[in-house]
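After this come two complexes, each holding chain A, first together with chain B and then together with chain C.
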Partner chain A sequence: MSTIDPNSSAPESPEEAASSGTLIASIALKQRAGGIAVPAVTVVVAFLMGGLVVLATGHNPLLAYRDIFDGAGLNWIFHPTTNLVNTAAYNLSQTLLQTTTLILCGLAVAFAFRCGMFNIGGQGQYFVGLFVANWLGVDFAGLNPFLHVLLCIVAGTLAGALWAGIAGFLKATVGAHEVISTIMLNWIAIWVGSWLFGAGGPLQSSANKSLPVSNDIANSAKLPVIWGQQELQGLSIGIFVALAALVVFWVLLNRTTLGYEVRAVGFNPEAAAYGGINVKKNLIRAMAISGAFAGLAGTIDMTGYLYHYGQSDIPFSSVGFLGIAVALLGRNTAVGTGLGALLFGALLFGTTHGLTSNVIQPELAGNLTYIIQGLVVLFIGADVLILYVWNTRKKLRPRRARA
Partner chain B sequence: MTAWVERLENPLSARLRDPATTGYAGVLLGVLAAFLAIPPIQSRTITWPIVVGIVGVAFGIWTVTRGRTRLGWGAVASAVIGIGLGILATHSGTSNLNAVFDAALIAQTFGFATPLVFGAIGGMFSERSGVVNIGLEGMMLMGAFWGVYGADKGGSWVVGILVGMAVGAAIALVYAFFAIHLRADQIVGGTAVNFLALGITGYFFFQLYHGNYIPSGVSQIPNVKIPGISGSHFLGPAIGDLNLMIWAGFALVVVSYLVVFKTPIGLRIRACGEHPRAADTVGINVYAVRYGCVVLSGILAALGGVYLSDGFGGGTFINNMTDGRGFIALAALIFGNWRPAGAFAAALLFGFSSAVALRLQVYSPSASTLFNVLPYVLTLIAVAGVIGRTVPPAADGRPYKKQ
Partner chain C sequence: MNDEIVLEMRGIRKEFPGVLANDDVSLDVRRGEVHALLGENGAGKSTLMNILYGLYKPDAGEVLLRGRPSSFASARDAINAGIGMVHQHFMLIPVMTVAENIVLGIEPHHGLFLDEHGAEQRVRELSERFGLAVDPGALVSEITVGQEQRVEILKALYRNADILVLDEPTAVLTPQEAHELFGIINSLKTDGKSIIFISHKLNEVLEIADRITVLRRGKVIETVDAAGATEASLARAMVGREVLLRVEKAPAQPGDVLLSVEDLRVVDDRGIEKVRGVSFEVRAGEIVGVAGVDGNGQSELIDAIAGLRKTESGSVSIGGRKVTAASAREMLDAGLGHIPEDRQRRGLVLEFSIAENIELHDYARAPVARWGWLFPKKMIALARRLIREFDVRGGGPLTRAGGLSGGNQQKVVAAREIARDPKVLIAAQPTRGLDVGAIEYLHRRLVEERDKGRALLLISLELDEILSLADRILVVYEGEIVGEHTGEVSEEQIGLEMLGGKEKAAA
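And now, the complex of A and B:
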């Protein structure tokens, strides 16, 4: 299961990349082949197949998708000024809240991918950031609001970086596969969280000892809300933090020495080492930065709209795993991740809390999101399918030129 | 033959001075130190655990000075932990101790371990043939839902087992097609399987049961009452009344060991996992072997799931019922170094820790929750190489392209 293969040379063409079969080569392929066609086709096919499931179980898929579209608040775009669309505006603000989280979780996966690693531990890093933000947000009440928010965000982000850094360190020093170690770190974070918020746990509410829920963070630790009301989970300025993170991601990868080294290691660790790049340092660094994005997602959620967290919330959170679908769909680029996050953010809210439909119940639609997510990840990971699309495009292009 | 002759000719004292012997003896003494203080022996003074533990430490240090540093320090750690646990146990109340450590603990350990055994052995077949199976969790979940559904609608647990196996095979076949023919990245594909299974089971559970529980009175996988033993004071609750699937799991370990290591089929499977090109050259159909192994892994993981819902769970299903057990099975596989006996031992250890965690609630619910991290921490330590190196099959996770 080694991703660094001493026998592999730099893949010359996508075809060759696919045949060498390493994760890195496959990522290099996905970076270049197919353009926007592959993600677009993937999404369409996944929605079609999801629609077939809906049809087979006796619901109208077109109406179901329309209701999900409305549930996500995307109908607001068509009539933003009418009075009737308060629900639409609210739903869209909720979709954007989910998008915020998914952008950051997607970047966490994408950054590690660019260094040739699969960070499957975004969920754990997200939790660690969230726990730290909750702890500091509750404990340091009365601090200057700006400082308090900053403290929560910085500490939570660092916690995420450290959590992922363990996996990076183990990979760099003893060659432990990052997939295995991040999966283990996920479950450690999940059980530690159950302990923290559970009865008698350190972060459990002091007001009601029987409830396995934390205290609310202090008002000084809450992010300002820009759309909607704070009591109703309005959209916080966290969305701008996420958008800034997209820019940071792009600049870091494409305009800094660090990014150059990370990409070089991701593309071909042997060649990078030969060129004088410290591979081990970059593995640890890339993993830590990757975890920082996920940790940031956790802190933004805690300070942005959750404010408190309970033991029973833990198994229902899957944003870290959705980040995998977001990053793969966005082909590990900044713009792609942003768009992928919007799609899955809309699905996440539109199929659950936002959905008011007599065509399909939220319990069904919520699971439809998992099915679509699974199909997207399944199709996008298939090199041969991508090559097929790539080759078709190549064949089509000269024909178009002649015409 | 010669090795055996040499070993026989060695005087006994030389074998006792072998650092490996003393090292393992030290580890065992550490376990014994803790064991002395709990029922049925239950020493109420701290003398015995300390004396035995110190002997264990001495054995460990001897081993370290003889060059087997890792094993030696392992023995020292085991002995020190043994002393600590022994002292803790002597300080706790007798009634609590008896509540945690009784004969039923053994049965419960087997109960928790059996889904892991099926999952880990399934994963072993897949990974031995060179296909990483992160999707064990999803395959197990599919087995859990469709198995209990089959038992409910078919009226018999036999139908449930058959339906579960068929569904496990089906989802594994989809995964195999993407991983083998389409050369998808196997970790991405496995992640997709987990999402798909979560979505499909959740969707159809709601669709088929309209949001209700599975009605009671579902035909369950029966227990095996062993005549003569089931009435015994200690053996009765321990092994006299175990579920049929637990015994099937024991048999599976033995059979899979024989198949993988003692038959030509097993040799072919291992060849495909270590060096597929060489296997192909000598006429082994790599694709066929890999398809067979992945489908078998799906069937076995699904059987673990059927046991979970229709045996261990008493004929129920809840959303995401496996709750990470597929990942613990994966951990057991790695911890057991991709071998049936090793995976079985690891599954027993993890099952034991789950059973103990459940029972620790008599002391403190909070500590009981935290105890659940043990399998994951142990696996993290194992992949970090602290206790020996774990070595996956050489071509594990690499798609193979025919030439």
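And now, the complex of A and C:
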């Protein structure tokens, strides 16, 4: 704020500054300045605290983290090769497989966030996409491979959109809070899945009636694998779909009138309504687009490497929830979500295999990912608190000087 | 008034990060004097008073109370030293009685129990002595704003204040209430109390003050006797240049009816009917002012016309087209421009850039968009042109709207609404919270738009603004139009109608 500008009024005091919008300005400035710094610090602190847990179990956290790093295949960058006999290359391909899912699940949270909503229902939307892809992938065997894959992807994505759209519709019409309704929809999806794959369920294997597992989808419905082998859970072209989704997300928000409406409603619904924007329509639409990303994640997983699904797999999937940490860490931006997904993808794969009990307590290994996930969400929630403390400190300074 | 100086502030300096709020400010207040502190928003008035009241410590300078250097570590110290402060926003507890609020913290008591009778007795004595009529037994939630202010003053007097700071005391009052306040101030003065009267309104400062200190950008520009000062001389000192106080305008030349409202009824969020059968017309080339005390249906009326609130019955036509119960989008398309009451809550998306805010209504139309695709460069070019035309300062097209000062935010809103070339322009509280310079600009601009043949509906709680801008005045009271005036009309007449034509119920 320049002092020679006769039309700008300088704030008389910090309190006034706070009420006149300069506080908002300073938060925005800090968020922009700390665009990378704040999430980076968050991650470092989360890793430090995770390290303390490792230390408490009598192991060296540095060694544990090194092995996780290697286990995720990130050491591949030191010896790049596409030959999957190389352990690092294989590990990296598996990390990227997780990253693919997490990018899409992260976007599912981020998009709703930009419209001022908290989509906790990524998990349910993911399941719905996955179920539909499994059904179509199995039932339409023999279709032209390109059409078959396209059919699965389009239908799975739409299913996710529809599922989330229910929550958007309920919010727009009767004001049901999306946090509650998406959690409920998660449970509905989980139990529908349990029925679908359970004994006698519509998607249960026709070959083995005693197993609560589906048939494999037809080969024509499988995504081409670009790195590794189909039988060994190779990396499919799904990673490119996810990367393309990041671009779509950015373009949609920043270069289309739809994105303009989403952001206007997200920042200030009242001003949006005054501007002539239909707020209710936007709530439903943004929620549906969010769900489309999660549904796409489920479809890509099914057609990319899972191929079949079972009743017992359902409780072990938590990618939808990891997507929340990914989006929060990435500050709901495209680039941030991509990087956050890579981080959690690496953790997810790196902590679940290849670690030995002299490096880390076996019971801790897989759970370390979730400890770090929890800490990240906690710290990001604390952002606001940190800013609050920061501003209070400034206010108190004059008085403390005297004391 | 005698020449005994009760309070002196010498060479006060206070710096906040990036802002020099007070720069070598000196001020002396005599016994039995009303000393006005005049300045625009951000001139440093509040900082100076917060230093006096012990809320801030000055970086340099000293405060002398009755000749003795004093510094207060807290408001409590200041109160004990006989300084009382009435803030703009009252700090009363609504569920407690007037007397309970006044004695709060220093209650007279019988053993463990509050001596209610004693408290009420003291309050009654004080209020009679200074002519501060208020019922000590009434609940604060049931009294008027003007009475709440008296309670705040009584609170200070009860604590034996002999220097009383009143921060923009008339901002919340009707003309009648303000008049009564001035009576109270005069009786306090006679009793030997000193009053520091903070304001940015020239006329009332001239009316009530003995001496006036003008602050601009943290510095004292001058301290003058009110007797020799004029509105023009004070405005010049306050703004630093000549200011047109009276809006210069030719007589209106009304043309076709562009906005017509017939028997409109609107309910608020709680289902209470706030607009009760209102009918009026606004013609091309005239400004119709709607005067009224806050909460008499003005907001609901505007919202209904703007398509932001549904109507119960009645009709609205813009440019001869019936648009009753249309959406905000349809109203905008019919030729309505709307500068909303609250620019931060509704008029702007503060996190959006200026360019994005300028397209708030037309983001989906050529030239800034086609087939759902945005063209940011076109948005920026358009914004750049309007920023220049409307003299928006403090940033370019990509600056966040939230980072602008209030006056410049309002210019962005006005630029957007006027640039859409509306037939009808609603301006609701267009200058609320703005300083003299920005007010002058907006007023001139509104008159220019009138002369271009737009129909203007001006809603304001500032009677001065209505009187100086409007060609025709409608007075609303409890959702009905209770008076209509063209030509000369006195402030008192309108003030009376604003209270429903009844003698002030308050006193």
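Please note the rule applied: the second predicted complex is superposed on the first by the 336 of 403 C-alpha atoms of A that agree within 3 Å, B and C clash if a C-alpha of one lies under 4 Å from a C-alpha of the other, contacts with A are read in each partner's own complex, and residues count from 1 in each chain.
Heads up, the rule we're going with is that contacts are C-beta pairs under 8 Å (C-beta built on N, C-alpha and C of every residue); 3 or more make two chains touch, one makes a residue touch a chain.
Just so it is clear, the structure is predicted and the values come from calculations on it, not from any experiment.
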Original post:
Where does A:Ser210 make contact in the superposed view: on chain B (first), on chain C (second), on both, or on neither?
Top reply: neither
Subject >> Which superposed partner A:Leu378 touches (first chain B, second chain C, both, neither) >> reply: first
Original post:
chain A residues in contact: does chain B have more, or chain C?
Top reply: B
Original post:
So, does A:Asn358 touch the first partner chain B, the second partner chain C, both, or neither?
Top reply: neither
Original post:
Is A:Gly200 touching the first partner chain B, the second partner chain C, both, or neither of them?
Top reply: first
Original post:
Once the complexes are superposed, what residues of chain A are shared between the chain B interface and the chain C interface?
Top reply: 1, 21-22
Original post:
Taking the complex as given, what residues does chain A use to touch chain B?
Top reply: 1, 18-19, 21-23, 26, 53, 57, 118, 120, 170, 174, 176-177, 179-181, 183-185, 187-188, 190-192, 194-195, 198-201, 315, 321, 324-325, 328, 361, 363-364, 366-375, 377-378, 380-385
Original post:
For chain A, which residues are in contact with chain C within the complex?
Top reply: 1-3, 5-14, 16-17, 20-22, 24-25, 28, 254-261, 263-264, 267-268, 270-276, 278, 394, 398-399, 401-402
Original post:
Inside the complex, what are the residues of chain C that reach chain A?
Top reply: 16-21, 40-47, 50, 56-57, 73, 217-218, 239-240, 306, 308, 327-329, 332, 338, 340, 344-352, 356, 359-361, 363-364, 369, 372-374, 376, 391, 393-394, 400, 402-408, 435, 437-438
Original post:
Contact residues on chain B for chain A in the complex?
Top reply: 132, 134, 174, 178, 181-185, 187-189, 191-200, 202-204, 206-207, 211, 320, 323-324, 327-328, 330-331, 334, 364-366, 369-370, 372-373, 376-377, 379-380, 383-385, 392, 396-401
